[in-house]
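Before I ask anything, here is the structure I am working with.
Chains: A, B, C and D, in written order; residue numbering restarts at 1 for each.
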Amino acid sequence: MPGKGLLERLDSGVVIGDGGFVFALEKRGYVKAGPWTPEACVEHPEAVRQLHREFLRAGADVMQAFTFYASDDKLINRGNEAGRSFSGAEINDAACKLAREVALEQDALVAGGISQTPSYLSGCTKEEIQAEFKKQIDVFVANKMDFLICEYFEHVEEMEMAIEVCKKTGLPTVASLCIGPEGDMHGVSAGQCAIRMVKAGAQVVGINCHFDPFVVLETVKLMIDAVKEAGLKAHFIAQPLAYHTPDAGKQGFIDLPEFPFALEPRVCSRWDIQRYAREAYEMGVRYIGGCCGLEPYHVRAMAEELSPERGGALPKGSEKHDLWGEGLRMHTKPWVRARAYRNYWENLKPSTGRPFSSSFSQPDNWGVTAGANELKQQAEATTKEEISKLKEFKKE
Amino acid sequence: MPGKGLLERLDSGVVIGDGGFVFALEKRGYVKAGPWTPEACVEHPEAVRQLHREFLRAGADVMQAFTFYASDDKLINRGNEAGRSFSGAEINDAACKLAREVALEQDALVAGGISQTPSYLSGCTKEEIQAEFKKQIDVFVANKMDFLICEYFEHVEEMEMAIEVCKKTGLPTVASLCIGPEGDMHGVSAGQCAIRMVKAGAQVVGINCHFDPFVVLETVKLMIDAVKEAGLKAHFIAQPLAYHTPDAGKQGFIDLPEFPFALEPRVCSRWDIQRYAREAYEMGVRYIGGCCGLEPYHVRAMAEELSPERGGALPKGSEKHDLWGEGLRMHTKPWVRARAYRNYWENLKPSTGRPFSSSFSQPDNWGVTAGANELKQQAEATTKEEISKLKEFKKE
Amino acid sequence: MPGKGLLERLDSGVVIGDGGFVFALEKRGYVKAGPWTPEACVEHPEAVRQLHREFLRAGADVMQAFTFYASDDKLINRGNEAGRSFSGAEINDAACKLAREVALEQDALVAGGISQTPSYLSGCTKEEIQAEFKKQIDVFVANKMDFLICEYFEHVEEMEMAIEVCKKTGLPTVASLCIGPEGDMHGVSAGQCAIRMVKAGAQVVGINCHFDPFVVLETVKLMIDAVKEAGLKAHFIAQPLAYHTPDAGKQGFIDLPEFPFALEPRVCSRWDIQRYAREAYEMGVRYIGGCCGLEPYHVRAMAEELSPERGGALPKGSEKHDLWGEGLRMHTKPWVRARAYRNYWENLKPSTGRPFSSSFSQPDNWGVTAGANELKQQAEATTKEEISKLKEFKKE
Amino acid sequence: MPGKGLLERLDSGVVIGDGGFVFALEKRGYVKAGPWTPEACVEHPEAVRQLHREFLRAGADVMQAFTFYASDDKLINRGNEAGRSFSGAEINDAACKLAREVALEQDALVAGGISQTPSYLSGCTKEEIQAEFKKQIDVFVANKMDFLICEYFEHVEEMEMAIEVCKKTGLPTVASLCIGPEGDMHGVSAGQCAIRMVKAGAQVVGINCHFDPFVVLETVKLMIDAVKEAGLKAHFIAQPLAYHTPDAGKQGFIDLPEFPFALEPRVCSRWDIQRYAREAYEMGVRYIGGCCGLEPYHVRAMAEELSPERGGALPKGSEKHDLWGEGLRMHTKPWVRARAYRNYWENLKPSTGRPFSSSFSQPDNWGVTAGANELKQQAEATTKEEISKLKEFKKE
């Protein structure tokens, strides 16, 4: 759909999003788990560019600039030193340019994103919080981003503040919370959250991160139903994790004991993601992408699954991937060639090779961030003593 | 150890290898599962270069040129069309140059590799087989590779032919089979295989691919003991999968039903790989690397674990990774900060989030490639009819 | 509480039920899986008597006569021949006398029970259905049973017919459905079912069979809340399976692929049952027992857990069981002695020893018995042809 | 085979043993876990009689008197008080009479058994140890037992002493160790153990307890091969656990964290046992029975599986059990009727319903009983302090 904007594309078809940057680049060596900030845009642009390109080749219609958590109040938070070398504006500017550079190779859209802030969680005023947002959005506008994404918000109240800032730019605005079917961290139901985001002016609403594709769709379904019932209109977005999280509690995968360094056994296969893309489409979701853990081959799986809906087009990455494992017909071993068909992969329940691992974990359940002092954001680094105290607290 | 060659480095310390290219680049969209050939070196050098650089940053001392399966008889095999666009020599030449380019950034060694051939499995003569090897090695010599690796051989007989060709170059020669504790596909024991490889002239012998780190170490242990008992001397190499395969049969992970498109739940965590690096070192292995599934963050885990043995040096990638999860002290959620210590990650048995998956699969057990016609290599593509026949065969 | 009736006991304390007869006696060789009828009362009274005695020793306050499915229309159903040798009245009479004989050893109560009928499922009239109930209840009255139990009903409509018949006797009446949180097979909610049973005259209402202890409690909770909200009063009963069934659908464990001959890995431990007894008590349930799979040692676990609530009394069976594994202090191996304490057993997640088994199954989901012809009761035996047709049906 | 003795029966066919008494009667409330002694023979003969009868009905050809651990030095060991009320001779005498009484109902054989003694483990002299054995065997001879079983020995040295005592009676002698493929607790290989038992005079040798059916068969296979290779002749016995123990170490299931109160998820299904019976028979084992966890329905499964080898005879218990689940053809639900065939049950991998449980445990590995003081038998009860010490020891 060359030359078309986000909303036109959504009106007439399906838009495939990209996957997650922070987890992919953490594994590649460019992002630090803990602070999760995107200084790699300045430090190692070649790595960010390469990941953009892989998502593009895999079929993504959107290059989302790698601006996650690049607010100034986050870049110097809790011992993270990134903010001492670069301002948020420098990082965001570099991110926008990288996204655009790659997008031009295939007529993709580019988007700038903002996320929840330490300022909100520390009890700052609306003005202070919106000032953080505006600093980021100014860079997106200066770089002529095609649209804006407010994503990874746990509180719809802060999301409304973010949408308000975005709307002033006149750009299309996407709003996605990182909540599950139980609603936001202040107890607002998922359906009510959707209504509030639409009323605040977001044209596309939905969910990203924190939960697996099927839990995310369950939540988006609640949103679709509520928006419809309220007599409102919107497009819907789903950008889930590529980790299975049936056992996660209200705050999603960060509550799971495996987060963030032992999530491997939870990674979705390409077949899981193909099923997700189909179910999302059938549910009426038209912006279908992914978040943490979702890698280029997962994006390709979405593009392959939705190829009929996109006029039969396949992404460039499918030059190296035949549908449903048919490439295995070239394998040297006959019994591997015997796996070259759809039913085989669709029905396989993959074994784990982990005889000491169980299916479910018991998530930490530290309640929601309605104001407990322990849950407030702090600027200072964690001390050894605090770690000890936290460990003891966990045992109780 | 600037300026030192492989054998000097092994004599005085530990050499960290890189990870696997074909699986990583398959996920990134540049390699096709089935043929698994490395035409990406010519088609998309930026992708190969980036992966090299990630392994380098993670601490790899060797840039292994991406030459896997780039023999002419493989590039046009079974419906693979790669060989129609590029000769093996072109691909290998590009691969060598990419490896060298990145290696120069950090004084890493470069190596060229050869692997088992369709020619051997189709019953060609020793001369024909060695001619295939020589075509590849000529390119490595022309590009002044630091050493040669014969890897991914299932039959020690073919390996001996490969070593013989390598030895003529005068370059240090590494020889690693892809076998398990049961021995090679003709029934030669692992210990006997090691002795034959040392006698054929390999200075470094061991195992790569096909099995998980701990099964590989079990096999290497058999080799170490046999070489010692035979009064011979050698260095040892281990380059395992980063997939857990306790249930794999004689032919390793290709026999598992999950191969190659649903191996996700088997991926090793960084902590698994750290344990592997420690055990390998203590067993006497000095060339410690990885193969399929082993990604940059796994290499970094090896480098971090063996940092004390390397004078305390840490890889560049550790700028974005504190040891044993300590970076989590910067996390916003207190219960995640409470995971910022070694015992937590060392003892965690990660849950899978997959309630329908079991720990073990039953591997296909099609016997060994001692000559059954079905197991012979063919040049022709697989027909639909053959797939049907194979599926029926599996049911019997 | 010698000399007291059921309602007095429930008013002032907790009544411990017994466990399941059909599954226990199937394993002992006296009951046939499929028809599940209790002709053992006549054929092998010593086996029935012994199981009663074991439950009594374990702490059961009620000897429930083994009358399950002993309606005449069931005893000659679907190829079962039991009804050709004995009438329902003969079996029920023998059952009552066995229960009373053992109950006298320890002042336990005796109860006669009726369950859902083929007559209802085949569309007979209310008069015909109630006639089946009355034939059974006449025997219970003649044998001076202390109270009546209507249990294992899937439709509250049939349950109401059963309660109506029971009420005419003047005996206390317990009513327990075998439904889950989704409600009865006609779609009546669990809460509404409870209200209807109370209004029909049952003094004790709740759930038995079909689901595991924790799912059963979830359903009973819905009942407690609904009854309270409706301004009604009742006692509550829970008699769950001793099989873990988190994955069962609307019709419970019979839908699970393991039913009935491979349920072993799902059997609850004594510690699971101790936790259940505690949670049931805290929820307000006062008649706490079990159903299929719940064996004498499980009943003992309930009696031990609720010993403080029963004035410190322990059952006779506890002569051979110290609380929380303390008997292991007499074990010969020191590391087994180290398991002789509460926290050990309470926190253990027992491994399965089954590397090829998963946690969850996918239940058959054949919908509810609202009248599909296939789901109607038939008197005729199943033919080989029907089995073949059913197998094919399952594949679709 | 009416009127025939054990050896004649073994010469011409297969002998089906019974299952385990201590675990079954622990669950029924008559045996205490920890000491595991058989005073129930005197205290509750009806319970012991009933279990004998169930095994008989299930097809057992042998009623093994419930004499396990009834040596005087065991009955007052470690805080067990049983020996204060009854002498070993009294218990053994009652046990013999119960076994004979039931055996007469179906021409079964009766056997008396002896097991390893605290005396041996405490370093008593051979004379002292054999005196313990003789006291028991005198009772068996007085009661005209058909043969003797020395079972549950961990050291072949003590076993030889036991066989020597038995041989003096002139009765056929069966000798079964409770060891795994790694050999006895002093490091004697399984094959060598078998040879020594045969040379000591046992006519039937093999394995009972401690490991699952398939590990036991693996060990018996080592024995069969060794005996054959040594040019000796013997019959072979297997009486395994009915618990899956692929993860158990050298000392078997007592090392598993689930022992003895959370073994439920490991219980073998009837189909597992049917497979075991077939494999045992094909391996040449002719005395096929079971031990702890093996219940009457498991014995019936063996008898049904080996029915063709026994002239088509089925046990009485099969009146209530059709082969391979065919009784389900009488089930009321059509989808359960669809399970009434062999392939269904043979191929089912039963799910556990336990999302928090893993397949494997890590066994305690406290080494073997070659004399460490901690592993010596003591007569005194365990103190609270010792438990604390042991718990700490486990953590190290």
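Keep this in mind: contacts are C-beta pairs under 8 Å (C-beta built on N, C-alpha and C of every residue); 3 or more make two chains touch, one makes a residue touch a chain.
Treat the numbers as computed from the prediction; the structure is a model and nothing was measured.
Participant: Check A-C against A-D and say which one is joined by more contacting C-beta pairs.
Facilitator: Looking at A-C and A-D side by side, A-D shows more C-beta contacts.
Participant: Please identify which chain has its centre, taken as the mean of its CA atoms, farthest from the centre of chain D.
Facilitator: Of all the other chains, the one whose centre lies farthest from chain D is A.
Participant: From the C-alpha centre of chain A to that of chain B, how far is it in Å?
Facilitator: Each chain's C-alpha centroid was found; their separation is 32 Å.
Participant: Chain A to chain C: how many Å between their CA centres?
Facilitator: 48
Participant: Centre to centre, by mean C-alpha position, how many angstrom separate chain A and chain D?
Facilitator: 57
Participant: Quick one: which residues in chain B touch 2 or more of the other chains?
Facilitator: In chain B, 247, 349, 354-361 touch at least two other chains.
Participant: Can you name the residues of chain A that touch chain B in the complex?
Facilitator: Contacts found on chain A: 26-35, 46-47, 50, 53-54, 57-58, 77-80, 118, 121, 212, 243-247, 251, 254-271, 295-297, 300, 316-317, 320-322, 325, 327-341, 345, 348-361, 364, 366, 374-375, 377, 381-382, 386-387, 390-391, 393-394.
Participant: Please name which positions on chain C make contact with chain B in the complex.
Facilitator: 247, 354-362
Participant: Over in the complex, which chain B residues touch chain D? Could you list them?
Facilitator: For chain B paired with chain D, touching residues are 349, 355, 358-360.
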